[in-house]
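Take a look at this one; I'll ask things after.
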Amino acid sequence: MSSFGHLFRLTTFGESHGAAVGVVVDGCPPGVELEVEEVQRDLDRRRPGQSRLVTQRDENDAVEILSGLYDGLSTGTPIAMMVRNADHRPGAYDHLRDVYRPSHADYTYEAKYGHRDHRGGGRASARETIGRVAAGAVARKLLATVADIEVLAWVDQVNDIDAEVDPGTATFAAVEADPTRCPNPEAAKRMTGAIEQARRDGDSLGGVVTVIARNVPPGLGEPVFDKLDADLAKAMLSLPAAKGFEIGSGFAGTRMTGTTHNDPFEPGSDGPITTTNHSGGVQGGISNGADVICRVAFKPTATIASEQKTVTTAGEPTVLAAKGRHDPCVLPRAVPVVEAMALLVLADHYLRQRAIDTIGRG
Amino acid sequence: MSSFGHLFRLTTFGESHGAAVGVVVDGCPPGVELEVEEVQRDLDRRRPGQSRLVTQRDENDAVEILSGLYDGLSTGTPIAMMVRNADHRPGAYDHLRDVYRPSHADYTYEAKYGHRDHRGGGRASARETIGRVAAGAVARKLLATVADIEVLAWVDQVNDIDAEVDPGTATFAAVEADPTRCPNPEAAKRMTGAIEQARRDGDSLGGVVTVIARNVPPGLGEPVFDKLDADLAKAMLSLPAAKGFEIGSGFAGTRMTGTTHNDPFEPGSDGPITTTNHSGGVQGGISNGADVICRVAFKPTATIASEQKTVTTAGEPTVLAAKGRHDPCVLPRAVPVVEAMALLVLADHYLRQRAIDTIGRG
Amino acid sequence: MSSFGHLFRLTTFGESHGAAVGVVVDGCPPGVELEVEEVQRDLDRRRPGQSRLVTQRDENDAVEILSGLYDGLSTGTPIAMMVRNADHRPGAYDHLRDVYRPSHADYTYEAKYGHRDHRGGGRASARETIGRVAAGAVARKLLATVADIEVLAWVDQVNDIDAEVDPGTATFAAVEADPTRCPNPEAAKRMTGAIEQARRDGDSLGGVVTVIARNVPPGLGEPVFDKLDADLAKAMLSLPAAKGFEIGSGFAGTRMTGTTHNDPFEPGSDGPITTTNHSGGVQGGISNGADVICRVAFKPTATIASEQKTVTTAGEPTVLAAKGRHDPCVLPRAVPVVEAMALLVLADHYLRQRAIDTIGRG
Amino acid sequence: MSSFGHLFRLTTFGESHGAAVGVVVDGCPPGVELEVEEVQRDLDRRRPGQSRLVTQRDENDAVEILSGLYDGLSTGTPIAMMVRNADHRPGAYDHLRDVYRPSHADYTYEAKYGHRDHRGGGRASARETIGRVAAGAVARKLLATVADIEVLAWVDQVNDIDAEVDPGTATFAAVEADPTRCPNPEAAKRMTGAIEQARRDGDSLGGVVTVIARNVPPGLGEPVFDKLDADLAKAMLSLPAAKGFEIGSGFAGTRMTGTTHNDPFEPGSDGPITTTNHSGGVQGGISNGADVICRVAFKPTATIASEQKTVTTAGEPTVLAAKGRHDPCVLPRAVPVVEAMALLVLADHYLRQRAIDTIGRG
C-alpha cells in the first residue's frame, strides 16, 4: 500500500506526469505549530534545478496545505499537502512507451499491473518522494516540539570518494554549504568533479548517505518486528535507488569481535550511557539514548546518456540512450529524503511510546 | 506490535523463561498440505544443542500445532503453534537482575517498559524466533504449492573469513553438510576453527548470511513503501543481532558506475531477462524474475565470557562476565531464521499480488 | 485514523471550511475503466442545493482526479480526488466559536484535541463524506467490472412514516424519481410534507435508510472480526448522525423463534439457495449469495432553528438557535453515502477473497 | 483477519474441535496487575454447563497464561492465553459432514474456503469467543487501573419479554443473581419460563443485550472511521448470532424530532454535561463523558431440535434435526462476551488517546 506508519501515518499519491503529487499525514497530534514555509524549505532541498549538480528539470514544487491546520496549529486531523506537476512536455516520453529501461521499474510495473504510465517513471518516479519530504517536515516540527530530537543527513560517499565525516560534529550549515551536501569541503570538491565528469561521460554515480538522530530519548522502538532499526531499514529501502542499510557498526562490525564490539556502559547524569556506539543508538530494537546513526547505499542512477542493451515491450532486442535532463548522481537530493524517512519513523515511535507509557512507574 | 505481514500475517508470543513461545499464522489460504514434521524440521535447524558450534542449552523445541489444520490441510483459519520452554534453571539468572548487560536489550527494555523479565533476555531472547521459523515453514509450504519458489540461506562470512559462495549453485545439501552452514567446505573449516577459538577466548564473532529466493515470479512487491526489498530489509533488521541489509550489489554497488551497474535486458523465453543481476532480482521494489539475493550482517554475539564494564540498575559501575552456555557465533543458527523471514515476506506479497491481479489482462 | 479498508483502502482528508476535501483510494486494481463523470454523478447525488428538501448551501462540488488513472484506466496506484470548498462566508461561524452546539461534536472535539476548527463542524462536517462518495464511485465501477454486484439504497422511513418498500423490486430509477429518495411515491409525498413542516417549525427529522447489494457471490467476508456484516456495521456507524444498524431480520428478528427465523436451504442452479432471507445474505459473517440487506438509523439533524439550552466554552449556561441554511432531514442526501460505504466494504472483501482463493480446488 | 484493535490488539485462534482455543493480546501496557483467576472468572461466566438454562456441553475451560506476565505484572509484551478443548466426542458430528445446517456458517465456509472442519462449527463456533473474553479480562483490568471505567452488560429482552431495566442503577450483583443475567427478577422469571419452553419445543429464542460503560472520560474515539460507536458496532456485529446494534436512542430515536432528541448541555463540575443521553455517550464518534449505552440484537439460536429443510453438500434436498446439547437461547452466555467486546474497544481507544494527547494544552 501507499501508506507508512502506525500512529503517525502518511499516505502518498501521484505520479510524475499526472496532475499532482502529494501526501496525507494522519495522526499528527493537535497543537503543533506549522507554517507552509517550513514544509517548503525542506521541499526546496530536494527539488530539481537547485544547483548545477542535479537535474535541470524545472519544477518549483510549490506546496499547498489543503487541510489539518487551523490558526497556525495542527488540529489532530489529516494534513493533506499537494504539489502540482508543472513541467509537462507532451511527447517527451513517447520513445519510452514501448521499451523497458534497464534497472528501472518499467518491466516490473508491467509485470505487476499489466499496463503502466510510461511517462517519467510514473509512480516509481522520484517525484513521489515530495510527499515524504512534506510529511517529514511535519514530523520534524512535532519532534522538535515534544523533545529536542534533531535529524541530520549528509553525503558520506560518492563512488570511491569517502568523506570521513565525524557524525558527532556535523552541522546543518556545513551540509548545506555545498551543493553536494557533503560537509567535508575537500571531499565535496572531489565529489563535484566526479559528478561533473560522470555527466560528461554519459555515466552516473552512486554513494552513501549517513543520517544521525540526536537527543532521541531511550525507549523508542518495539522489541520484535517493529524495532526502531527495522522500521528505519524499511523506510530507507523504500527509497528509489536504495540498495543497502546499516545501523551503527553495520557490515564493518561483522569483522570485529564481541569484546571490542560491545558498548560498555558507564554511569551518566541521566541513566547509563555507552562509551562507544557500535550499536548505533539502538539495542534490541529500542533506542538507548545515544545518537542513532544509519547509512544508506544508493546505486548509480539508472538513467544514463550512454547506449544500453535492452528489449522492447514486444520482446525484441534494442538499444536505448536517455535523452534530456537527469541526475548523474542522486545523492545530494537524497539527503532531505533520507532525513524525512528517519523523522517519520521517529515520530511514529514517539507516539507509540506514549501509549505504552500509560501506567505510572512510581 | 508483535505482528508482521499484511495478508500472510504472523503474531509471535512468549519470552525465554515463560511457559511457552509460539506463533499465530493468520491468512494462510486453505488447502495447503502441512504436517507437523515439516515445521519441526525447520525448528530443529535453529534449536540449541544441535552441534558443538552452538549453545549447549538443551531444548528439544518440540512444536505442537494448536489450530488451523483439518485432514492434513490448512483450513484458511489461524494456525497456532507452540513450543514449551523446558530448560528452566531457577536462580540461573539471579546475577543479572540488577545489572545491564552491554549491547543487550536490558537497559532499553527497562527504559521502555519500566520493568522487565531479566531471565534470559525475556522477549528479546532469540527464542522468540521459534515462532518465526514455525511460521516460515508454513510459508515455505504455501510457496512451494502455488509456485516453485525456493528460499535458501547460508553463512557467507564469519569475522574475516569470506566464503565466496556462488549463489547460483548453492544447494540445501551443501549448506546442511557442515555445522557452520557454510557450503564452501574450505571456508567452513576455517570458520569452525575461528568459532572454537573465540569460545576458548571468551569472545564472540559476527558475520554475514546470504539468502537467495529462486523462481520468484515477476510482479511481487509494491511500488512505494511496501517494496519487496523494503519489507525484506525490515524483516531482516527485526532479527536479534542484525545490523545491516543489502540487496543485489548493495554497498559495493555504490562504487560502480551506471554503465556497468545497470542490468541489460535480453529476450527470454518467458519475458525479458537480465544478463547481470546487480538489482538482486528487484527493480522499483518489484521482483523482475531473477533470483532475489540479499545479505544480512550480524554483529558478534553480545554475550561473552570475558569481563566487561557496565553499570548496575542502581547506576553503579560494575564488571560482568557471562556464565554458562551461549553461542560464540549466532550465524549457523541464524540461517533458518533468515530463510523464514524471506519466506514470510514472499508469501505475503504473493497473496497481495493475487488481489492486484484481479482484472483480466487480455 | 482517517483510513478504512484493508486492501481497498480509502483515506479521507479535509474539513468543512479548509481549502479542500478529498480522498486517496489505495489498492484499486489496475484496469478499471473510470471517467471523472462517473465520480461526479455520485457526488451530485449528495451535494447541497440539489433540491428544495436539502440545505441550500451552494456548493457545486466539482471533483478533480489528481492521480491514479492513465489512458482512462486505473493504474493500480493511488487514486487521489479532491473537491475545493467554495462557499466560504467569513464570519458566518463567529457566533459558534465559544459555544457547544447540543448533540454536535463541538464539545467532544474540544475534549479530545484541546482546540478545534469551529467553522461548520470542521472535520465532523458532512462534507467529509464527499471523499467517501468519490471512493465509493470507484468501488462501484470495480465491482461492476469484476462481478455484477449492484448496490442500491433508499429512504425507508422518515420520522413515523414507513415506506414499506419491497427490497426485491426497488430500482435506481424509482429512488431517484423523487427528491426524498423514497421509491414509494405515496410515502415520498408524505415524507416531503413532514420535512417541509419540520423546516417551518425550526425542527428536524430522522429516519432509516435501507441498502441492498445484489449479485454478491457467496464467500465474501471473514469469519471472526472482519465479518462482512461487522464491517458494514462499522462503515455505517462511522457516518455522521448514524445511531443504529441492522442486517436481515435485525432487531425485529429477536422476537421470532428459531423454527421460523432459520432460512431453509433448497437446491439452486448454482449451489444452495435460501427460501427466506432473515440472514440478510450473510451467515457466519460470510455472504451466502442472497441479497445483502441492511438498515441504518439516522437521528434527527442536530442543527435546528429552535432555541436550545447549552453552555459556552467558558462553562456558562446559554441559549442557542441555528442560523442560516441546514438540512431539516439528512436522509435524502444520506442515500448515496450509505451506498458508498456498502460498496467500499464489498470491494475490500472482494479483493481479500482473491487472496484466500489462491489454491486450486479441484 | 483474526485480529482486532489498533494499539490494544487481540488475535484469536482455534476452532471448536481442534486442540485448543486462545488469544494473543498485544499492546497491553506494562504494569497492569493481573492474576489468572481474574481471567478465569470472566471465562466461567461464558462457559457451557454453568446453569440449566445453557448448553450442557461439559467444558471447564481452564485458562493457561503462556506469556506476557512477570512478577504478577504485565510486561508490555504479548499476553498469550489458551484453553484446551476437552469434550471431544469422536463421531458426534459425522452426520453433519455432508449437510449444510440452515442459518449456520456451513455453506458459507465451504463457499469461501472450499473445505471446512464440520465438527461443531469449526472456527464459527461460539468457542472462538473464549479468546475474546480472556482478552476482555485484561482490558477490564487495564481500564480499572488507568481510570475507573466499568463495563456492565445484561439481558434486556428475550423474545417478546422486555425487561425494562434502568441502565443507571443496574449492578453486577443484580445481573449475576439470576442464570438469565437479567437484573429484573420478574422479567428474569418469565424469560426462564420461555427458554425452558423453547427447549421443550425443540425451538430457540433470540433477544437483546444492553451494555453500559460508566466513567468513560470525554475524548475517546476518533472522528471519522474509527468512531467509538463505529468500533463498538463492528465489535458487536462480529459476535456469532448478532444481527443489530444501536447506540443511545438508536432506531427508536429516528421517530423523535430534533428539538426533543438533542441532548441539552448544562454546566457540570468537570465540564459540560448533558441532561438527557439520547446520544448514548458519544457525539461525533467521541465520548462526551456520559454513560456509553449500546444494545445488541441476537437472533434465535440456529441450532434447533426441530426438523428443517436443507440440502446436502451434493445438492440434494434433505431434512435435518439437531441432536445433542445446545443452547435454546444464547443471551445469558452472550453477556460476558458483549462486555468483553466493549472493554476491548475502550482499551484500544484509551491508548490511542494517549498518543493524541501528546502536546501540553496549557
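Labels for the chains are A, B, C and D, by order of writing; each one numbers its residues from 1.
We adopt the following convention: contacts are C-beta pairs under 8 Å (C-beta built on N, C-alpha and C of every residue); 3 or more make two chains touch, one makes a residue touch a chain.
Worth saying up front: this structure is predicted, and the values here are computed from it rather than measured.
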- Query: Which of the two pairs, A-C or C-D, is linked by more C-beta contacts?
  - Reply: C-D
- Task: Report the chain whose mean Cα position is at the greatest distance from that of subunit C.
- Result: B
- If you average the Cα atoms of subunit A and of subunit C to get two centres, how far apart are those centres in Å? 38
- Using mean CA coordinates as chain centres, what's the subunit C-subunit D distance in Å? 26
- Message: Two or more other chains touching the same residue: where does that happen in subunit C?
- Response: 1-3, 6, 12, 27, 30-31, 76-77, 112-114, 123, 223, 356-357, 361
- Can you list the residues on subunit D that touch subunit B in the complex? 1-3, 9, 11-15, 18-22, 24, 26-27, 30-31, 64-71, 73, 75-80, 82, 112-117, 122-123
- Message: Give the list of subunit A residues in touch with subunit B in this complex.
- Response: 1-4, 6, 12, 100, 102-105, 107-109, 111-115, 123-124, 128, 157, 159-160, 198, 202-208, 217-227, 229-238, 240, 242-251, 253-259, 261-267, 271-272, 274-275, 278-280, 282-289, 297-304, 306, 308-311, 315-317, 353, 356-357, 361
- Which residues of subunit A touch subunit D in their complex? 6-7, 27, 29-32, 76-77, 145-146, 223, 350-352, 354-361
